[in-house]
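Shown next, in structure tokens, is the structure this report addresses.
By written order: A, B, C, D and E. Residues from 1 in each chain.
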Amino acid sequence: MQNLMQHFEIIQKTPTLYALHVSIETLFNTLHHLRYQSDFITLSQLTCTDWIEEERFELGYMLTNLERNCNLMVKCFIGRDDVTVASVVTLFPQAEVMERELHEMFGVGFEGNDTLYDFALEDWQDLPPMRREFDTLAYVQSHYDFRDGRDDNLDVKEQIKIRKAAAKSAKEAQGGA
Amino acid sequence: MVLIDCFLMLLLAYGFGFLYYGLYRNLSARVHGRFGPSLAQSFFDSVKLFVKEQSTTFGWMFYAGPIIMATGAVLNVLFIPFINHGDSLQGLSSSANLIVVLYLMVLGPLGNALGVGSNGNPFGVMGITRGLTRLIALELPFYLAVIGVMIDAGSADFSAIFEAQSQEMNLLKHPLLFMAAFISFLGFMGKSPFDVVGAPQEVYSGPATEFSGKFFALLLSQSAMFSFAKLLLMVNLFLGGADDLGDLVLKTFVLFVAATFIGSVYARFSTIQSVEFLMRIPTLLGIVGLALL
Amino acid sequence: MEEGFNAYRQSLESEEQSIKSTQSVVEQAIAWFRAHSMFVLAYGTGCGAIEMPPTFTSRYDIERLGVVGVATPRQADILIVSGYCSPKTLKRVIRSYEQMSDPKYIIGLGSCTINGGMYWDSYNTIKKLDDFLPVDMYVNGCMPRPEALIEGFVKLQEKIRLNSSEAGYIKYRDNYAHYRANQERLFGAQVAPSYEENFAGMN
Amino acid sequence: MLHFEATLLGHLFFGLSLLVIVALLRKNDGLWHLLLLGSLGIIFYASSLVTLFIGWEMMGWSGYFILSKTARVSTLQRYILFNLGGAFALLGAIALLFSFMGSMMLCDIDLTLLPVWALHSVSALVLIAVFVKSGIIGAHDWVVDSYQEASPLFSAVLSAILSKAGIYLFIVLLLKQPHDERVLFELMAWLGAITSVVATFKAISQDEIKRLLAYSSIAQLGYIITALSLMQAYALEAALYHTVIHTLVKLLLFVNVAAIMAITGKERFSELGGLLYRVPLLFVLLVIGIIALAGMPLLGGFNGKFLLYTALLEEKRALLLATVMFSSASAFLYCYKLVYGIYLGQRPHDESPLHVSPKSYYIPQLLSAALLILLGFLPALPTPLFSAIGVEAGFSALEFTKPSILNSPFGSFNGAVLMSAFGVVFVLILGLLQRVHSKAKAAQNAQDISYCGEVPKAGVNLHFGYGMGHELGRIGFIAFILRRQSRRFWDYLNLIVGDLSILLRSLYALGTQHILLLSLLGFTLLLLGGL
Amino acid sequence: MSLLLFILLPLLAIFLMPFYRAYLHYVSTVLSMALFGLALTCKAALPLVERVAVDLPLAITFELSSVSWLLVTLFTLSMSLFSLYHLRFSSNKALFVGTNMLLVGVIGLVLSRDIFNIYIFFEISSISAYLLTSLNQDAKAYGGAIRYMIIGAFASLFFLLSIMLIYLTIGVLDLQMIAQRFNLIDEQVQYLILLSLFIALGIKTELFGLNFWVPDVYQASRSAVSGLFSAMLSKSYLFLLFHLAYLLHVSTSQMAFLTLVAALTFAVAEFSALKSRETKRIFAFSTLGQIGLIALALSYGDTALTEAALFLIIVHALAKLMLFLALDLLERRLGSTKSEIFARFESLFLMAVFTVGALSLLGIPPFAGFAAKLSLLKGLAGLEAYGAMALILTVSLIEAAYLFRLLSGFRQGEQKMVVTLSPLERLIFGVMMFALLLLGLMPQPLLALCQEAAQAMLGGYHAAL
């Protein structure tokens, strides 16, 4: 890990987690270097965070090394709308499924990965759902209808209060009568 | 007289078949440490399936397939004598012999294969192919044993076989032959370790993928009768045949319980493993048994 | 009128007496056999599937009630929709249900099938199983334990023994158009091949 | 040169060949087929060794010219070389026999007079001819190739009749042997059994239909040869019975396959499938064929095998019987592959239209199917004929009670009871199933199968036909058999002969001066040697 | 009806050649037909001996025994067929002279009983053979002719040596007398005479070790001419070799050596034919093979085998002549004689000709070759010569391989050239095919003739043993 420190400005987050920020151009080379020159040979996670305020996504490649005792997160910022990144399937075969999910959920294109068809959502016509501009509740309201008795305990606390008050007044009326 | 005899044999076979099938489920349940269904549960299953309001059919061949299979099972029951002397419960066994019965056992699987083939489901045919491949290996030790029995009895007729066993059962005279036959008998009865063919977990329940409603019912009842016929065959060949009905029940019960317990203990072989196993040890047993005839 | 669980049970029994008297012995016998031998399709659609193994094996042993798991919908009578059901899974569930032969029943396991459960606001799960498939028996709970599942089965057995006319498969057969419309609304035109003509010959 | 004499055996074999060739006669190649029929007539009615040989050779090369219409050159060469090899072995045997017997007439051939070594060499030579003609496991490559590449109808003739010539030859020449010189026949029995086992497993793993049928004919002939080698009355009857059945079955199967090829123009299992409801009659005929081929008790196929088993039992040849029963049991797998591959299962997606199969394909099939069913009902029908042939060949007569009861030393069975029981029970169960009140709903279309909840897409090939023999290859014992290739041995031999010939040919490319030098050298050497 | 006519008539025809320069081929046909008729007529008056004494040591003695009669009829028959075939083409002086000279030489060899006469005809036939080989007048033809001439001269040298030795030791030239007094002379000289005779005649009969020149010569000459060579030339020398062997009572060990050489000829020739790609060369090898076979049969000195050998000579002559003439026909039309020409012509009749020829060469019933092979094998079995039988059977498999590969050429090839035959050619080939079929089905009459000839040939030899 130390000799890597010289080459890249790696920040240590926790004793076992290190972070490294790269630009989109050098992303693939860095990953290639890490894959073959260092002992960070396994890609355990491929995440994408939606910074809607700054109008950009943040791709995170979590690499773990042989002894699994420490992880290196390679992060890079990419644009939000119809952006394509070089696929890392050639370096890490397991990235194929992860990239497919990101493509489906965030709409990030991965050029070089030809299995970007439906994954969890079949025939999904709407916006990729994990993007923050996607309004889940509105989608649910329009596509599904709830069981009719469902809406009354929307606000459970009021209902309990009303019921308790009714019970108390009934008892007093009974006591009174 | 023969007709009544045959009808009685069919009734017995049907009754005992389902009784033993229920017994099997109960015994293996107890081995797993649970209570298991009532003895007549298989009977209930088959009646429920018979009275289902709807069943899918894939053309006349699919309709005829299970019928041929059931006919094969029924013929097997009819051509194997229940009692080893006298003329009651002999069925049609006088006009056939052991070799005919052996090859009649192949008629059932043919009907099944044609029916399953015609419904176009690839899983069904995979099940059939596994069944046939397993059948090849199952029959080798069984034939060795049967040949030994026939040579010892000097003829293929059941009466001669019974007469040869009048003093001493074949089980004691040729123990090795019995062992070879018993191992492949496990396979014929569909008990693990050789039950890869019909098991629900394997290839989408093997041949019976597309059997619904009354066809599945026919399948269940014919397999019950067929397993009883095989039990009967083993009793006649190796346990000296049944002297009377009570003796018949006793011997079949003993044999069946032995098969069930062995069956519920072993894990399941794959088709390749079962063929390779059957072609080694049981065949060796059979050959040595034949040599010691 | 008193409401709650007991009330429901009394109404069931009373209804049972009234129906029993109208049915002939043969129909009652058929209903008895159907109740005592139920084949469940081995299809775990959601998180409830993890409840089924203990129910079917030694710990709770539902085989005592004559319930056995089978692999293909052709042989099955009962379909257990266990837990949340995404449209993708629902498509397969509907196809399997339509391949089962009548009389067939559906047990909705867990609150997700009743009203969407904890995934009530998820874009990928259906909220009411009833819209798409006629459910005969709900077993609520956010994954009911095997005892509850067995209770569900017992209740279903009683219902089957009633041989009542508004069983799920009859409801599905009679107003198939309603169910079909809901399905097409959810899936768009991508629904599995329709089986209308299946039912043409039936009723 | 040609002497003829009508014998019962001759009538039987010629009758069969007449049935086959006339049934398969087509307009365009009538001439050659008639020549073939003529040569078969010469063989089966020959009363002298030379006539027998003339018929045998003419059958060989007339077959060659019919085959040459469709086959590749390498197959033709393989066909003619194997056939001529067998024929020349036969010629050698005839010359040997003549030198001991003094006369060519069959009636005064008596093998017991021969000295032991002569007896062995004559029978070995004749056996070579028999084995080559019936395609015993070493010499079976030509059988498989020529059946595959002959026109479907001619492969029917090849398999139904030409392979039987070897059987006839064996019966006529070698059947009567002194009892103690039987070492060759022990080998022959085992060779026949091993051939049937190996050929059965090879048949199962084939993808071309005609190759499968070729291997199946080799296997069936393996049975006949094992039966013949037992030298016993019932074994002879088993051999003759199985010859008749095999001729009928192969006629039925090959013509059926020819009809399928005429309809679809395809000949591989992987390209066929799902023709059941398009040509149901062909399907029913094929099912009758495979029931007889597999030797199931219902139709005639079982009778021949039953007699063979009882003969083997009587001779107490347990292991041999086990091998034969094992191979006939595993024969069931390729019988089912034949039916499933062509008719059952899903039809792979190709829009090529189906032509109508010519009517003339149906006649031979219906004929042989009717005969098979008749033999199923009355199994002992041909027994008197076979026992007469047995007596003519010097065996004891066979016991015959009723045409429907086929009896043998190890017990008898009643074909009529068997078939009628099957019919009655079938009808009973059909009635039961009809009466049960659950309505049968027809499946919508080919996609309406239970497929784990999925709808099988159009491109997915749901036909498992060609995959049937694949997993056999993973079983140790069977994989060992499938890997053995006798073709490699023959190609290697061909290579050596080729190299030798090139080496010798170089001798003839010497310059004149070398030739003179050589002859002078030869002269001086002989001179010194001689003085 | 003196025997000289056989010699004089062709020579006379050659001398009168200038008069009928344009009709040479007609004349040679008529001449050969006449000789053939002459030979048939003098069948009754066998054995015919004619002696013309010139001065004491030199005399011309001809003897027509049944075996030489058989051969003479064969030679005249094949000569007439050859010239009939050539009727269609223009008359060719060299061809006319060569063929008639060859006929004279060959008949002389068979008839003459005087050792010197044999040498004269030895020279005549060789010279005419050299002339015929060079007919094509191209480089290959001349090359072949020269090679043939050198080796032929070498052979006649040895023959002259043996005659000289005989004359010195016995002093007389007549074969009969030589035969009686041969065993009186010293052992070594006897061996030397026999050896030089063997080398001389070995080359001419193309036995193994001495026949390496044959394929090139056959390839160099025209197919028709090679057909003539294989039908007449080699047969006559073969007869001469064994005639002298029987006369001079060659010892059994030397006969066994001859058998070995013959077997080698047969096997090596057939093997080397397997992979060659040139039809004429294949037929040449096949001729060598058949000669080896005939020599093998003759070398046993058994009447049955000799009868089979003579029958084989006739059948082979007919079949090979037919094949070579058919090949000549193809050569003229397609230009080459490579094996693939079989795939480049379309003519049902020619295919039938080649098939019948090949089948009878192979000895496959119902054609004549089979009767010959059968009697051969029967004879060998009688003598318990099982090794020879096995050799014949296996090597004929090799023969079958290359012949059928030729025949299989008919099936391949797309754009085929239609070859039409003139009615005369159809007649010739039809007659030959019919003859082969007839001999195949009813060989008895010819076999009887051969039997009689065999007895005549071996009469002396058996008496001496």
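Here is the rule we go by: a contact is a pair of C-beta atoms (placed from the backbone, for glycine too) under 8 Å apart; a residue touches a chain by one contact, two chains touch by 3 or more.
This one's a predicted model, so the numbers in the text were calculated from it and none came from an experiment.
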Contact steps required, at the very least, to link subunit A with subunit B come to 2
Which chain's centre, taken as the mean of its Cα atoms, is farthest from the centre of subunit B?
-> E
Looking across all chain pairs, point out the one with the most C-beta pairs in contact.
-> B-D
Compute the distance, rounded to whole Å, between the mean C-alpha positions of subunit A and subunit C.
-> 35
Rounded to the nearest Å, the gap between Cα centres of subunit B and subunit D is 34
Subunit D to subunit E, mean C-alpha position gap in Å, rounds to 46
Two or more other chains are touched by the subunit B residues 51-56, 204, 209-210, 213
Overlap residues in subunit D, where contacts from two or more other chains coincide | 438-439, 441, 448, 450, 452
If you look at subunit C, which of its residues touch at least two other chains?
-> 72, 74, 91, 99, 101, 202
So the touching chain pairs work out to A-C, B-C, B-D, C-D, D-E
Within their complex, state which residues of subunit E touch subunit D.
-> 147, 150-151, 154, 158, 188, 191-192, 195-196, 198-199, 203, 209-210, 212-216, 268, 271-276, 285, 359, 362, 364-366, 370-371, 373-374, 377-378, 380-382, 384, 386, 389-390, 393-394, 396-398, 400-401, 404-405, 408, 410-412, 440-443
Subunit D partner contacts - residues on subunit B that touch it in the complex = 50-59, 61, 63, 66-68, 70-71, 74-75, 78, 92, 95-100, 103-104, 106-107, 109-110, 113-114, 117-122, 125-126, 128-130, 132-133, 135-136, 139-140, 143-144, 147-148, 150-151, 154-157, 160, 204, 209-210, 213-214, 218, 271-272, 275-276, 279, 286-287, 290, 293
How about subunit C: which of its residues touch subunit A in the complex?
-> 86-88, 91, 114-116, 120-124, 126-128, 130-131, 186-188, 190
Okay, in this complex, where on subunit B does subunit C touch?
-> 25, 29, 32-38, 41, 44-45, 47-49, 51-56, 200-201, 204-205, 208-213, 216
Provide the residue numbers of subunit D that touch subunit C in the complex, in ascending order.
-> 438-439, 441, 444-445, 447-448, 450, 452-455
